[in-house]
Each structure stands twice: as structure tokens, then as C-alpha cells.
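Shared chain: subunit A. Partners: subunit B in the first complex, subunit C in the second.
Take a look at the complex of A and B:
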């Protein structure tokens, strides 16, 4: 038994939030929990089940153990997709975070037009990625697209943006970065503006250089926001499908085919449910492993 | 950070801002002028209407008169799906957000439930797309708007729950406590007292859900093929049927882009908070 005064404190705290006795509390949380059980947890388990079975014409035919995983892990197309996905994650995250941070620092002064720019910056974020893919296809188009026309106009050679594996990857990363940099920019700008001015004033008294100011004041103050940006951005980057689908259709060859793309081709084009769900599960595990590294630090921001 | 900036630095900053603005706007601008060009002008490097090329509304009128059914079918499906998704996700999110803000759950702690709901956003959609397809086929929901709504509500619940949980937490408990003393039920207190006060959060959560549902592609592409294709799937079919007719492609692209982006511009203040699930206050 806790001492009486502590007990009393606990009791009063409980009654203040009227928490645990009211049965109606389940009515409030119920729909959300139920919904996610039916539409997330069940499909995940179903997916796991499928990945351990063979199938024909979208029907399960028998238990095969880890055979699908073995097939997937010995398939060069999987490893190609794996490499492409990792490349897009690394390049996409690094570029968006660096560009977003630079932009946020640039705009962290009182200036005219900042509201307009901020409003404009929300536009790519709320544009369908599949539309961005097509917009970029028009821009990167090799015969007469604006970028190649511009390169020709200034006396350079045109670039095979969509038909050369390396450049196709560049084009996808460009489109993805273009969409997500505003996210990093907006979040980091909000974080920068929340840094109290007194800190900089104190630093000015000590005559610190702006680099020192950045490293010792700005960076530690915006670290939580930076972690959030990196985490959420990484998660989204692992899911990339729409942009390679619309911009390059996964090509040329397999050059821009990501893991999600592989799930789509294996599952719905080749109707091989077992292998497709095995790929999906490997993707899930990789993603969880990567996010787990950040997860504990991130979680603290949501604690009461 | 309000220190005096030397002149050369100011010029440099100005140039950088100019470059950033062009970078941000160029793809949209190019789509707009492409949609206003005659085919012969599309593959020429020209930027300024009236000066460098003669703009025309020909593409827009062709698109609307000849392929209107396809385009407006896509737009209306997207609209119905996105609005229904937003309303349903808001209902579920309001209840759960209120529950997480006002009660204390015991077997699973509040923050565990919140993290569990949030972790839905961390799942790759690829991990559930195939079982979803089979489930929808089983229940005859393939190529229906209802199927799409179910998918999109699943993906947007984390947004509505987290945004509204935050909003309810910021309200003083005392307001509704007096109502509860006066004999209101929990639900009445929520509907009459709290809900009007969190209206801005409701609107932003609704718009974010609307936009995500409108922009969703992978599931829509797999679950629909003719009767219930939303705009994202319609534009994906454009390149097959019309090849490289960029002047038509860009008109469709713009119609697909405008609704969610215009709505999003009105919730400026909530974008940062909403998209980071409340981790960063904008």
C-alpha cells in the first residue's frame, strides 16, 4: 500500500481526469481501434499467411513454408529493387533535408513575401505524386522538353533523362525531392522561428561567429524537428511508387523499379501472390528496422 | 537572428530566394503554358504567352467536350471519395482524439494507443495492398467508390486522431466539466461544447484527409478499372491512350492538382502541425 497522502494524490488525479471508471471511454476509442484491426492488422496477418503459401489464379493452393522468401531472395529483380529503393531513400532524404534546411535558414529573417513563399511551398506537398511524375515527364522529355531545349540553347548536349538508367534515377530523385523539400522547409522554418531570440542576443554578446551560432544554438534547438523530418521523410521514401510509375514506368529496364513496384508487378501483373507478399514483408521488416533506430527518440515527443 | 546583413550578402540571399521560387513554380508554370500551346509550339523553348507564342484554349475545350465523360467521371469519383473519406475519418478521429485527450486507458496506456494508431502511417502500403485486393474481391467491392473510401479512411485515421487529440488537449477541462455536472452526457459535452471550439483543427484535419484521399494512387490503380476510377487513375491512363500529347496531358494534370492544393493553401497555419502529427507546432 502506498502511504495515505500519496494515495490521496493519485485518487484526486484520477477523478480530475475522470479517467478509468467511465465505461463510455471505450465507446470513444473503439471505432478507431476496430477500424485499424480490420483494415490494417488483419490484412497484415493475411499478407503473412499468403507469403507462406503458393497460389494459382489468385487462389491459395498450399503451404510452402519459406519457399517464397527463398525465391525472392535469390531473384536478381528483388535485389535490383532493393538497391534502387535504398538509393532513392538515401538520396531523397539527404537532398530534401539539406535543401529544406538551407531554405529555412535563408527565410528565417523578417522579410517581405515570406508568406507568399510559404503558401506556394505547400502546393507540391498536396499535389498527387502521380501528377508530379507526369509533370516531370513533360519537363524531362528528351526530344523537345524544356530542359534539353535549354541545354541545346546554351550549347551543351542534350541528356537522355528517361532512357538512360543513371539519368532516369536522377529524374526520379529530382521529382521526389521537388515534392518533399517544402515539407522539410516548412517544418524546419517553424522550428527556427520558435528559437527564442534571447539565445542569439546572448551569443552576440559573446561575439560568436555565425557558424558557431548555428552549431551551438540553432542546431540543438531544432534537433527534435530535424529528427521528425528525417523520420517521416524516410518512411515516405521507402514507400515510393507513384513517381517511378508515372515518370519512367520503372524503366529503362529495371533501373527505377522500387520494391513497392516489385510487389505490384509480382502480385498483380504476374499474379504471384506468395512472392509479392514475401517482397512486401521484407520491405516492411527493412523499414521497421530503419525507423526503429529513430523511433525511441521520436516517441518522446508524443509522451505526455 | 536580426543582425545587420552586409549588402553583398543581401544580394546573394535575394538571388537564392529567386532561384528557389523559380524552382518551386516552374513545373506548374510549364504545365499551364503547355496546356495553352498548339502542338507545334509545345516542343519549342518558349515561356511567355503572347510574346513568344500565341496562347489558345483549344486543348481545354477539346478535353472538356470530347473526353469530358472520362475526365468529369474521374473528378466526381475523386470528389465523392475524398469528401466521404474526410467525413468518416473525422468522425472516427474526433471520437478517438477526444477519448485519448480526456480519459486514461489502463491496460494499454494512452500513449501506446496513440503510437499504435500513428504507426499505421509507417507501414508501407505495399504490405497490405494484396490482401486488400483479395478482401475487396471477396466482398464485391472492387471497382467501387466504397472500396476506395475504406482504403483511404484507413490511411487518414492517424492524421485525424493525432490532430484532434492535440486540439482537445489544449481546451481547458473545466469548460465541459460544468456541463457534465449539469447532466450532459459525455457525447453531448463533446458535441456541444468542445466541437465548436476545435473547429479550425477539424477543418485542417478534414482538408489533409481530403488531399490524401484525392492523391492516393497505388490502391486506386489496383482496385478500380472502369466504373470508379478516380482522377489519379484517369491521368495515369492518359499516357497510354494519348501517347505524348502533352498539351492534353497537362490540362488533365492541372485539373487533378488544383482542388487539393487550393484547399491546402487555406490551412497554412496547420500544415506543419498536421503533417508532423503534432510533433512540431507551426
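Take a look at the complex of A and C:
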């Protein structure tokens, strides 16, 4: 046993080291906490404050309790926006994931010029959504746009892409899918490339079909990546704004007006921050609920 | 197999393949065609420049304050580019202004749909980024009620300021530049809607006899009632009347939601809704006469009353007489289909009158007819709650449009300099130049834009900038009639929240036109929205401002 003086010295050194470690822990955690407080917690609390107040021209005019929420929830425009958003989420996510997966499967084989194809396939992801919206205005132009010209050339009728409510929705989903498919493609391709070849070699020995390989090997192996893609894509799809804003302006009527579009018009056009933040909060709750459901599924995969 | 042609030139044998010969020939043709365009574009630019120099020389320049030299301010306006509608002239006249004052300005372009958000945010926060705002005059109610802009009367007698002709402005626009007893906006643009038609088509004997056979009356040139407009549009819709192998259209409008389609509706509805007062002065505003938007006693919306319902039904029928795509069209697309010769009529602002003369984008120069907006043989009487017959038809001028006019922000750091700038551009020569030149988007509305005996301009003014004399006579006559001869006009909505009321109307009109809801339901929804907006902004306060804005005195 060391002499008591030495024990004291060791204890003192240990205590100093712990104290210094704690200080450095604060030093490393501090910026993250500060960032969270300033850029997440404060805006969130301030938005909540705004949603409980009336305002005009960005000035808070008085406490109104839950009146803004009541106004929003009794406004048919909110429910119309909610339906449109939900439709875009379901259609957009499903198409993005299916097409992204198909592309990833296609490009997961040695092919000549595959690098060029991969690079080209990701281009829409790096394009601004507003630009895609305007580009689609040209593509879907009903009087001489490329799609309608093609339809006429093969003897079909023109489609009223932007003037009929149903087709306008289709046009928005098309543009959104076009933009986000490369994201799904990139993530799923990475996941596919991480699947060990030995599994397929073993399956080949058992004379399994391609479909069986896909269902029993590929899909389970890429499931975590697939879930992540679906989750991120869903959250992104709930926020869709730029494409309907630039392509259809939310029309005809309210046919393509989403909840985020309503937040924009209430907050910035009508300068009514109370109702705008109330809509945003309702949207946040919906998104949190969806995220929660997904996270549960996501975690269970890792727990297994 | 390649065909070879041999030519012997001065003893030298030159060999040309047939392909090469064709290529050379086509290249020459292309050079000639492009050359023609370049030359004509250059010619027009030279003429524009010459006329601008003359206008600038002739303009009253006041006495610019030497202290302004080196200063800089900002003009916010519609996003259309350096040679586009409304924003264009501010780029064009900047070097002249700089030369005169030594000061300069930045131009901030804002898309139509973002104007309210950007401008109101700047004013509400008092940032004062925009010194001069060349925005739509339906922002006036918000400007005034929030005390965001300054009255400009004090500059009229200021010796530093250029003088402009306020008495010659068309009465409906003259009213818009005021609020209460003060002037707030400078003269610039004069928006109102008219109907353009193909003069050559409507006067063609073959089509005239076919029309008579189909409708039992002579093809009206020009159509003077909405029923006639509808008949003519339906008659020409779906026929290949220009012989290009494609079906052509009857009428075109710009009805994309969030753009300016609601102006079509407002312009059309005037004749069915605005009921003249009995007695000596038909323009007297009473609870039931010369009102369009709200009951001036209660602020209850009038938008779902029978006059409005009938107007929207007619608009819907007009949509069926043209390309369905117009429900997704902004101004450019709606104009283009008419200018390229595929549509018999277009119902829109004054811009088409001058754009049609530019042969680079128009195939209808020399074929254009214009008629002031039709009247109605019936108007809904809100007091008797029944339709009243009108003989002669009820003609109601529409100042439908933004009538983009500069105002000065209260937060401007150099209001005198900004007032000088706005006054300079409002001087007769410069303002008239803006009207003369097609791409500026500035429409006629001051007496110096019109032809004698009423106006001070001459056809030659217009012809020398490349216009067809007959086209311009038609255009200016229609606008003169609209501005100076129509006995009534639609009261412009100038109360706080106007943009909110308009946005709601715009959405629901679009719903009705795209068959999502019935006409009645669309207007009932609008009425509900309007009540909600009014309650949010304070019914009592809104009522007071509405009464003031339309000149109504409560009994």
C-alpha cells in the first residue's frame, strides 16, 4: 500500500484531471447546446408564442389563446391543404422510393459508362426546386409543350396538365418525384453495394430465383437504408412548397395548394403571423407523429 | 449518291455538290432574314432613342438640388427585366436621371405574387429599403391606413421639381392617385381592360355570312355586348380559320390563380353590378348605387349577389370559347396565342395594343381591332332586389389592373430626391414616350396620349415608332371611350387587406372556372372569406375606411 502522502497526491491529481475533463466536456458540448438553444429551441418557443397571439404586419397585437388554432382548424382551406399535402406525400414518397430502388438495382451491376449514368442520374437532386417548377411549366405547357406535342404526334389528345385540377396534381407529383428519385437512388445504391456477395453466391448454390434473392436477401439487407429513405423523404414531402409555388401557384383554385403554401400566404402575403405559425405547429405535430411511428420501426430493426 | 454540278468560271473549274449549294443558299437566306430582324430591331432602337432624347430635352427638369449629387436610393417594382413591362422604363431613364442630378438609384424587381410580402414587410418593419415603390394601386388602402407613404402635394409648387400635367389624367385614374384630400401617387400607368379582336377576320365576308347563318344576325364589328362577344368567340372557336392545319380559338384570357385573372372578372362584372344613381348625377354613391364590393352600411360582401353571379357565369362561358389551358396562363401566354394569330380575341390590358405592332413577336400588325369593354342591357338593383333593364346599355369603365404608379415611402432617407425622380418620369414627354414604346407596359390614360379632337397626340407619333395607323387609331379610340366617355366606373377597392380580399376572390373564381365548385358556391365561399378578413381587421374600422375610399356618406 502506498504511503498516505502519495495517496493524497494521486487523489489530488485525479480530482484535477476529472475537473479538467468536465471543463473540456462543457467546452465540447457548449457550442452544440448553444446552437440548439438559439436556432431550434428559441424559434420554436417564439413560434408557439406567436401562434397564441394576434398580429398584423409582423407586429404582435394581443394574446388570443387558442383562437388562431380554432380559426385554422375551422377553415376549409386548411383541410384542403392538408388533403393535398397528404396526397403529395403518399404519391411522392411511393414513386420516389420505387423508382429509386429500381434504378439502384439497375445500376448495381457492372456496365460500360456506369459512372457517367450515375452522375447524370443525380443531376435533378442538385437543381433548385423552383427551377424544376419553371422547367416543368415548359414541359407541361398545354399549347405546344414537349409532352403534349409528343402525345399529338402519336395520335393521342392533348392533356390539360396545368388547367385541370387532377392533372395539375399529377404534374406536381411528377416534378417532385423527378427531383427526389436520385436521392433514393444514391442511398439505396450504397446499401446494395454493401450487401456481401457471399450471400448471393450461397443462394446461387441453392438455385434460388432472382425474385427470391431480392425478397429474401436484398430487401432484408437494405431495409435500414430503405426505412431511412422513406423517413427522410416523408418529412421532406410534408414540406413541399417550391414546386407547386412555381409550377401552378397552388391552382387551379386550391387544387395544388399545400399546407406550407398556406403558411407562406398567411404569414408573408397576408402578414398574419398568428395563423401562419398555428398552421406550422399543426404541421409540426403531424410530422412528429409520422417520424415517431417510423423511428419505432427503425429502432426495432437494430434491436433485432 | 452525291449529285455533282460543274461550273466553268473564267477557265477555272469549280465543283459544287448539290448539298453544298443548298447549304450556301439556306445560309444566305438565314443571314438575310436575321439581318432584316437585326436591322429592324436596330432601327426601332434608334427611333426609340431619338424620341427619348427629344422627350428628355423637351421635359421640364425643374432645378435639381446640387446636394443630391452622389446620393443613391432604391426603386421597388414589378419583376420584368430591363426591357420588360413596368420595370423597363426605370432602367431606360436611369442614365438620363444620373446625368441630370448626379444621383442614381437601384432597381429591385419583385415577382407579382411576392409584391405584397416584400413591400409590406419592408414598410411594416420600417426598414426603408425601398424609397420609391412602383406597385399596384390596390395597396393604397394599406399604405394609407398604416401611414406608410407620404402625401406629395407639397412638391407641386416646389421650384426644384419638374412639372407634370395632373389635369389631363383620365378621371378614374385621377381618383386612384388621391386618397381623401391628398395626392399620394405620381402619374405613370393607366390600366383598364378592353377586348382586342382580329379586324381582318371579323370583316371577312365569308365568315360574316357563315356567322349570320349560324346566329341569325350580322357578325357584329366590333362586338358591343357580352352576348355578342360570347357568340363571336364561340363561332371562331374550334375552327381552323387561319389555315395552318390546327384548330384555332375564340378568346384568350390570363386566368392562372395568383396572377391577374381576377381583373378579367372585375372588369366583366362592372356592367352587371354597378347600378347608376337616379337623378342628375348617375355617379352619386348611395347604399345601393355605384357600389361593387361591400354594403357601405354594414360591410357585408356584395360578391355573391345576383349581378356578380351572372358575371361569373359569363366568364365561365367565355372560358369554354377558348383554350382550356388559359386557366393556367399568365399574361405572356394569353397574349402570345393572340399575337401569333391563333386566337380571334383577347380580353386584357392595354399592353397588347402596342405589343401587336412588333413584328418580331406578332403576326397581326395591321389586323387589330379594339373595343372598349362591353356594357350590359341589365343591371341588378340591390334595393329592389331585381334586375333592371338598361337602355342604352349600362357602361361601366374599369380601372381593372394595377395601374403601376410610384409612391414615396415614409421611411425614405431622401424623399425630395425620390419626388424629383418620380416627377421627372411623370412629365408629359417622358410619360408619353413610355406609352409610345410597346415593351414598357405603360398604358395610355392621359390626354396627351390620345388623338385629336380630344387628345394632343398625333397618329404620326405612333406611326414613326413602327405602329400601323389604323391599329393605333382603334386602340386609342377604345381607351379614350373607356376612360373619358363611360359614365360610370367600378370603385377601386382601397382598404386595408385589399390584397387578402382579392386573393380569396382569385382562388374561388379559379375553382368555379375549373369546375371544382359551382359559380354560386365559389362566390359564397368568397363572401365567407371576406367576412372573416373583415372581422379579423375590425369591421368598424374597415367600414369607416371603405366609406371614405368610395366617397360614401352615411345617412
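Here is the rule we go by: the second predicted complex is superposed on the first by the 269 of 304 C-alpha atoms of A that agree within 3 Å, B and C clash if a C-alpha of one lies under 4 Å from a C-alpha of the other, contacts with A are read in each partner's own complex, and residues count from 1 in each chain.
Here is the rule we go by: a residue touches a chain if its C-beta (ideal position, glycine included) is under 8 Å from a C-beta of that chain, and two chains touch if they have at least 3 such contacts.
Nothing here was measured: the structure is a model prediction, and the numbers come from that model.
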{"item": "Partner touching more residues of subunit A, whether subunit B or subunit C", "value": "B"}
{"item": "Touched partner set for A:291, first subunit B, second subunit C, both or neither", "value": "first"}
{"item": "Touching partner for A:204 - first (subunit B), second (subunit C), both, neither", "value": "first"}
{"item": "Partner chain(s) touched by A:241 [first = subunit B, second = subunit C, both, neither]", "value": "first"}
{"item": "Touched partner set for A:143, first subunit B, second subunit C, both or neither", "value": "both"}
{"item": "Which superposed partner A:164 touches (first subunit B, second subunit C, both, neither)", "value": "second"}
{"item": "Partner chain(s) touched by A:268 [first = subunit B, second = subunit C, both, neither]", "value": "both"}
{"item": "Which superposed partner A:24 touches (first subunit B, second subunit C, both, neither)", "value": "first"}
{"item": "Residues of subunit A contacting subunit B in one complex and subunit C in the other", "value": "58, 141, 143, 268"}
{"item": "Touching residues on subunit A, where the partner in the complex is subunit B", "value": "14, 16-20, 22, 24-25, 27-33, 35-36, 39-40, 42-44, 46-47, 50, 58, 103, 106-110, 113, 115, 117-132, 134-139, 141, 143-146, 149-150, 153, 178, 182-183, 186-187, 190-191, 194, 197, 200, 204, 224-225, 228-229, 232, 235, 238-239, 241-242, 245-246, 259-260, 263-264, 267-268, 273, 276-277, 279-281, 283-284, 287-288, 291, 298-299, 301-304"}
{"item": "List of subunit A residues in touch with subunit C within their complex", "value": "56-59, 71, 75-76, 141-143, 160-165, 168, 248-255, 265, 268-272"}
{"item": "Residues of subunit C defined as touching subunit A within the complex", "value": "113, 116-117, 120-121, 123-125, 146, 256-259, 323-328, 333, 337, 497, 499-500, 503, 507-508, 510-511, 513-514, 516-517, 525, 532, 536-537"}
{"item": "Interfacial residue positions of subunit B with respect to subunit A in the complex", "value": "1-3, 5, 13, 16-17, 20-21, 23-28, 30-31, 34, 42-45, 91-93, 95-96, 98-100, 102-106, 110-111, 113-118, 120-135, 137, 150-151, 153-154, 157, 161, 173, 180, 185-187, 211, 214-215, 217-218, 222, 231-232, 235-236, 238-239, 244, 246, 249-250, 253, 256-257, 260-261, 263-265, 268, 271-272, 275-282"}
